[in-house]
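The same subunit A turns up in both complexes below, where it pairs with subunit B and then with subunit C.
Up next, the complex of A and B:
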């Protein structure tokens, strides 16, 4: 008897409350959707639609130089792409460019962050100066390097090379040196980003665990390897992911410095797709190249995010 | 154990700019002793511990461990283990990895590390938590993990910086007792920093009482309680602390609120003094000092009375069953040997 009373009372008091909760949740959801809608629509129009259109275009032959051959070709562009040696070369250049710039950014950025953490004064100034390259447009950075830094005889780098006894080099004319140069330029511009993120992360590490490690007889190197590095791992992985995404799709700096040359020595996949589409006016094939770059980017970011989740 | 764990501080001074955190500290710790550094916040006890650990360098003076000058020896090379107030566990390592860390740094073979880790964890009763990360542990479990990490390597000195202050009251009492047993069973020299006089009194073999950057007294808890060196220590030790009452001293007697009390002092003459009276040393007796009961704090087995003696507040502890009513007037006295005399100018014991 007592049990029934309790149960029915429980139901009676619960029913209106859950109803109220549902109405409230519904209202909140509607409000959230309203807040989200403008950004969502803008993204849809500027990102999703162009992407879908790109994939659609890649199924057509769209040659502005020979419009009479235009028409639906299905996967033909992709078949051509797989046997296109220049595609594989540019993919390799893209991977080398991305891999080396990201690795250099993380290593130099981390080294700088560790150095600056130990600075007693002047940290603020260092941060302000360090951020300068990041705020420049990549196209401007490209121009600066081509003229002030790498120009034969007068460029700072060439001047230093001559004074160091290496002699004047053709920094942008030699295939290997050109690759080294564009990697150096990208690294120069974006290392401050890695530096800032890692410095902030370093500053948030608790001091007392380093004292505990000293008492546990860990050397400076052991403290770095066993404590700093594992604790910085989330920040490092985040920097690697963000910088990889950008490096894979880099364009402006290389375009202004070498335009992919000499020959195709610095022609990353992005640049090849651009040249195919807008220099050779082969829009359909260019779209297929861009779609291939999209696939590569998705695969690499998938791997990186999986690494981030893993222990 | 690689050493005896004998410690000497010789005239240690520590300056932070113009501010003197330590003004010439001297003490000796015997091997195997449980030594407490007691004092209020900012009195210099933690600074002393950090200098002993080698985490901070003194501005002047020398630190000796086992008769060897280690003043400029790095913390790494002092063979000292420490439990931090914040525990300072490595957040990315499991409990087992945390405990194993000091052994790995000492390049012990893996076959020796695993049993040593299990043994240390068993001693502090966390052997079922070895696979957890510090973030998944309660405060008490983290504290035990920090203890295990400190005892696993059998260092010659064991430093504890307010290790119980982040635990709740019940756990603090339990851990306090276990800590003492652990130290006894390991036979290691322990230096314990605390601002809690009860903790120092119950744990320590001897203690140093710090007041504004100086040691005012070193002794066993019993000695410090029975014969406090200064007004500051008298007002710091004991719960409730000693009553400190301004009075007039005349040829071996003190006059408080017009009432004369006998003391054991033999100094001739007449002067102003501060009289120290422990709440527990006061008793009710006919013909004593008259006082009105203002407030009664009943603690169950005893009660603390707030008494008004002609405008001076005096606290007195009485046993249960002997408690007067609030508003009653009683007469109190103290035995001559229970009356402490201090100089109001120097604040030191007479």
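Up next, the complex of A and C:
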């Protein structure tokens, strides 16, 4: 048993030489396999298998409304997709939505973290209130904004707009305003996340570098550019990656607010795939759209992780 | 007025604006849920009014009560949490502490599954569950929820397991304890805090989920996030009732969030460093 401890502690880093050592290493492998098996079987069943099944269904015409036309079509769905204007529009909407919400979250979150970091009192308020939007369901958030905040001549935002002399606006009925609204809602909900993570990283930066900089009479801007920003870079990149992945997969906060409308003004790729499959009931083509979404996600995460590795 | 004074006032103003912006939609929903239907519709909006529990009484005990939906949400969230933890704790321990071939790949696989967009896999779920008759069942929804709760829970737990000193295990092995016994008696108590944080996160994510619930639920199993749609229709919106349902849907997660506030921040940053974290 004493040798087991050595093996598990990783002290015997080279391959075990004796038969006894080999038996122990094998036991450790078996124990690991037994512990991993349930979780990995569940992950295979709920992620890998559906993925393969999706690729399979995307090669079929599968129309729940007109089942008599169903059948194998090969790559036809993908050919249709490439010349489908609505697909390219939704991809553009997705990129605008993701790019703007992530940029806003990081900029506002960082500015606010820097500001709160300097506060001697009242940090507690920020910590408690910032938790609130983050723990809420995007579906509930969307519902509250759609009604109590943005409804014309009823919501608070409209009330403020009228009092500011801008007049009542159709916040969710006008294509441009609807896009601005869904971006604002996502930013409202998730900026606290960026803020909290960046505030925690700021708090962990070494104090003495700042002391030295102050002695050298570096200005606040210089201290920010030369010290804070480089030290914070890994945290910022991580926030960008996490928020991008979430914004790309956003669904509920748009579905509940505009359902992609008016028309297709706020229809991100997710919503298009959903509408095609479950509203228009073209499961085959919907699968091809979902597969395209997957490819887009892989490309973007690839770019982001390359950014993370680069200096 | 000195420059310093001005700075403090500016700081205070900016802080107030942001705190208000984040708190207001939630506070406003709570206020509206305590109004009568005519008070909700008053223009300009009423900040002072006589509070009433009417809307809550209606949505909880009136016709079309949402009590069954709240129960659905509780069963789904608790079920998902229990199953997830039973699978994630052993897996995270193996990934963090044991040596075996393919460990790196296993870790990468878990991370990769976490990045899967839900819309990308909802079609196969729907087709398969419909085939085996699991649409509108608890087992169906809980099984599918594992797709996002498991990878997240495993990654978060790995970071906690990695923090325990190896000496603790060694001492136990020297005393002749078996691997399983050591895991159960020595290791698990050490990561109690991490397990609690993970439970909070898994519960929150399951309670808040919407896309899978909308497609895979039905008349028997319908969580409150989906059921709240019944209060908004083209003909009329039942404002006070909608506010009451929103507040009921927010209540458990807000309470959990405020109580576990410090740990949530830690969980988020651990996730940030490890590349985990969802929603």
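Here, the second predicted complex is superposed on the first by the 289 of 311 C-alpha atoms of A that agree within 3 Å, B and C clash if a C-alpha of one lies under 4 Å from a C-alpha of the other, contacts with A are read in each partner's own complex, and residues count from 1 in each chain.
Please note the rule applied: contacts are C-beta pairs under 8 Å (C-beta built on N, C-alpha and C of every residue); 3 or more make two chains touch, one makes a residue touch a chain.
All of these numbers come straight from a predicted model, not from anything done at the bench.
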Clash or fit, subunit B versus subunit C on superposed subunit A: fit
Which superposed partner A:156 touches (first subunit B, second subunit C, both, neither): second
Contacts of A:214 with subunit B and subunit C, given as first, second, both or neither: first
Contacts of A:227 with subunit B and subunit C, given as first, second, both or neither: first
Which superposed partner A:257 touches (first subunit B, second subunit C, both, neither): neither
A:206 touches, of subunit B and subunit C: first, second, both or neither? first
Of subunit B and subunit C, the chain that contacts the larger number of subunit A residues: C
Minimum C-alpha separation between subunit B and subunit C after superposing on chain A, in Å: 14
Subunit A-touching residues of subunit B, taken from the complex the two chains share: 53-55, 74-78, 80-82, 84, 86, 88-92, 101-102, 105-106, 149, 153
Of subunit C, residues touching subunit A in the complex: 11, 14-15, 18-19, 21-26, 28-29, 32, 41, 43-45, 86-88, 90-91, 93-95, 97-101, 103, 106, 109-110, 113, 115-128, 143-144, 146-147, 150-151, 154, 166, 169-170, 173-174, 176, 179-180, 204, 207-211, 214-215, 225-226, 228-229, 232, 237, 239, 242-243, 246, 249-250, 253-254, 256-258, 261, 264-266, 268-269, 271-273, 275, 277-279
Interface residues, subunit A side, partner subunit C - complex: 1-2, 4-10, 25, 27-29, 31-36, 38-40, 42-43, 45-51, 53-54, 57, 112, 115-116, 118-119, 122, 125-141, 143-149, 153-154, 156, 159, 188, 192-193, 196-197, 200-201, 235, 238-239, 241-242, 245-246, 248-249, 251-252, 255-256, 270, 273-274, 277-278, 283, 286-287, 290-291, 293-294, 297, 301
Subunit A to subunit B touching residues, read off their complex: 206, 208-209, 211-219, 222, 226-227, 230-231, 233
